[in-house]
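Each of the two complexes below includes chain A, the first together with chain B, the second together with chain C.
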Partner chain A sequence: MSKKQRIISVAIFATLIILILSGIFLIKTPINNADEISEVMRDAVLHEREKISIFGISVNPGLVSAYTVTAILLLLALIIRIFAIPKFKIIPGKFQLLLEQAVGTFDSLAEEKSPHRNKFLSFYIFAAGSYIFMGTIFELFGVQAVTERGSPISLPAPLADINGAIALGVMSYGVILIGGLVANGIGGALKALKDFSLPISMSFRLFGALLSGALVTELVYYYYSLSFVLPVIVGILFTLLHAIIQAYVLTMLTAQFYGESTENKKEE
Partner chain B sequence: MKKVLKTLFLTLFILSVTAVPVFAEGAESSVVSVKAIAAAIIMAVAATAGAIAMAIAIAKAEDSTARQPEAAGNIRTAMMMGLVFIETAIIYALITAIIIIFVL
Partner chain C sequence: MNLPLNIDLRQILLHMLNFVILAFGMYFILYKPVKEFMEKRRKIYETTDKEAKENLAKADSLKKEYEEKLSFADEEIKKSREQSELQANSDAAKIIAKAQKEAEDILNKSKKQAEYESKEALQRANREISEITVAAAKKVVYKDTREAFDAFLESAKGDADGGK
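After this line comes the complex of A and B, so read on.
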């Protein structure tokens, strides 16, 4: 790019920014907002007003996004199984490498943390990890749905709803408990029961992390004047980073405690 | 350490004194401001304590990695576990603050 072109593009960019900024400060109130920001944020926590009706039952928006994410994941798995896996070669291509890396990460995590029994654990943490990752990334696409009041709402992350987070946390605890029961009998289950605060800590950490991200993004997207460069940073910080960190943390905790409850004492 | 505690208590005292005029304004607004102060104090204390705890953990882990580079993997895993539990405690505080603001 020559110097002249650069100057022209910078000038166009600056003019656009000035135009947009002047528009924001001239039009004080955003046009399309019928709700106060405090009401919007309150509803993101409590889900009292915005309900979506599926099959005649009014549900939280989080449930709709949970179903959507599950459907996307199942469809993706089916497509990969039918079209991609029969074409696997000895010398892998790009997509095969990506898949092998994803599966191998969780497999080696399960093997490292739980050396005695890890067949089911590796399946479970792969599923849970990809669900958390996809569910958090899903928020970034901003899929719209129509609420019962007739207003559009962008679907939140399924785990930003406390019910989804508690379900995932309790399910992970159930996996640990049943693993201990199968491997070591009552003693293994008792060992897992000792950490009775684990489901609370796992589910609330998911809920807190995702909800705080959702609230911050809500705040940033609400005001026009905040919605220029900031969403890029906030989106990366609170969505992509949380997706990776939460997926890693939940799978690591599950694998760690599963390994503790299933370890074989008799061999030592 | 004593100095830090003194500063903390002084800050809390000043906060509570300056909050008094707010109480006089009326029932509704005073409730809101008390909630805001409570949530702010919760988050401030939890985040400070968590940051200090995390800093200590990370510093110790770095120390031990420098001392024994061959054990870096194990040290990192243990440090991550510890950080996760510290973060959980902070997130409990965050949830308490959210509940105070939106539910109470």
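After this line comes the complex of A and C, so read on.
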């Protein structure tokens, strides 16, 4: 490409962008649904208006996301199970390495944080980690659903729904509690009960982190002028990073407390 | 029950159900086979490692054994060589001694022989001298020179014949 051609193409690009931008700022766009931003934000937190009906039960969109994520994950797992795992070799290929890394990461995390008892924990944090990761990534795809009112809605991350976050937080606490009870009897359970704020903190940490991502994305997309380069940054910051960070934080915390409650005192 | 933040217990339970399904599905479909495979590989490597170590230990002990044997053999060779040297030395000494003895014997024998022969020669010479003397005396007795000369010649001739 000669210098002249390059200059021409850059000029065309620049004019195009300027034209579009001027159009955006000059034309006053009417907001069609008349959904006020405050209303949208409030609904993203509380889910008072936008409900989806499954089998006659009116639920938050997050629940639909949750089941969708499960279906996707199980399907993926099944595909991997059928097509990839029988071809596993002693010296792994790239994909096999990735899978083994995923399993091995949670496995070693469980082993490191809870050296006395980690079989169940390892599997639990593997499932929780992949659920949180996939659930958060899921938000990016913007799968559409129809609400009870008939309006379309893009499905949020399942854990941006407070019920989903509470479910996962409480379950993690339950795992810690039961692990302590099985390993150390009443003492272990009491040790876990001592941290009674754990389920609340775990639930709300997840909820807050993922909701913040959803809210900021919503906010950015609400205004046309913000919908250009910004969503890429926001999407990466609040979705991809959250996917990794939250998956790591919850699994790490669960492993940590599980290790404490199942700690074998007699050996010390 | 109306909880704040629109928390809905039924939905929480539904979320839990979802997660339990997910967890067990993931466990049986993905986690278990992958982990089993990793375990299998770990075992394979462990056995290979163990075998290699065993082989190494075996080789080491074999090496030691052979070295021991080798040093033993060396000693054996040294010993046998010394022995054979000793044997050879003693044999040589014996042979030399025998040879010396034989030489001495031969020398003694020849000495005796020589003595004996010289004695005999002496005796003979003595005898001849006495005979010559007797003959000379006879010649003196014979007055006639011619007669005497003949007689001497006769007797010398007879002597020489008898000596032979």
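One rule holds for everything that comes next: the second predicted complex is superposed on the first by the 257 of 268 C-alpha atoms of A that agree within 3 Å, B and C clash if a C-alpha of one lies under 4 Å from a C-alpha of the other, contacts with A are read in each partner's own complex, and residues count from 1 in each chain.
The rule we apply is simple: a residue touches a chain if its C-beta (ideal position, glycine included) is under 8 Å from a C-beta of that chain, and two chains touch if they have at least 3 such contacts.
Fair warning: this is a prediction, and the values are worked out from it, not measured in the lab.
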{"item": "Combined model on chain A where chain B meets chain C, clash or fit", "value": "fit"}
{"item": "Partner chain in contact with A:Tyr124 - chain B first, chain C second, else both or neither", "value": "second"}
{"item": "Comparing the two partners chain B and chain C, which touches a greater set of residues in chain A", "value": "C"}
{"item": "Partner chain(s) touched by A:Gln256 [first = chain B, second = chain C, both, neither]", "value": "first"}
{"item": "Which superposed partner A:Val59 touches (first chain B, second chain C, both, neither)", "value": "second"}
{"item": "First, second, both or neither for A:Gly208, with chain B first and chain C second", "value": "first"}
{"item": "Chain B versus chain C as contact partner of A:Ile18, first or second or both or neither", "value": "neither"}
{"item": "Which of chain B and chain C A:Val170 touches, first, second, both or neither", "value": "second"}
{"item": "Which of chain B and chain C A:Leu46 touches, first, second, both or neither", "value": "both"}
{"item": "Spatial angle chain C-chain A-chain B, Cα centroids [nearest 10 degrees]", "value": "110"}
{"item": "Touched partner set for A:Leu78, first chain B, second chain C, both or neither", "value": "second"}
{"item": "Chain C versus chain B - closest C-alpha approach in the superposed model, Å", "value": "7"}
{"item": "Chain B/chain C common contact set on chain A", "value": "45-46"}
{"item": "Residue ranges of chain A in contact with chain C within the complex", "value": "45-48, 57, 59-60, 63, 66-67, 69-70, 73-74, 77-78, 80-81, 85, 88, 90, 99-100, 103-104, 107, 123-124, 126-128, 130-131, 158, 161-164, 166-168, 170-171"}
{"item": "Residue ranges of chain C touching chain A (in the complex, touch as defined)", "value": "5-8, 10-16, 18-19, 21-23, 25-27, 29-31, 33-35, 37-38, 41, 44"}
{"item": "For the chain B and chain A complex, residues of the former touching the latter", "value": "80-81, 84-85, 87-88, 91-92, 94-95, 98, 102-103"}
{"item": "Chain A residues touching chain B - in the complex, by the definition given at the top", "value": "41-42, 45-46, 201, 204-205, 207-209, 211-212, 249, 252-253, 256"}
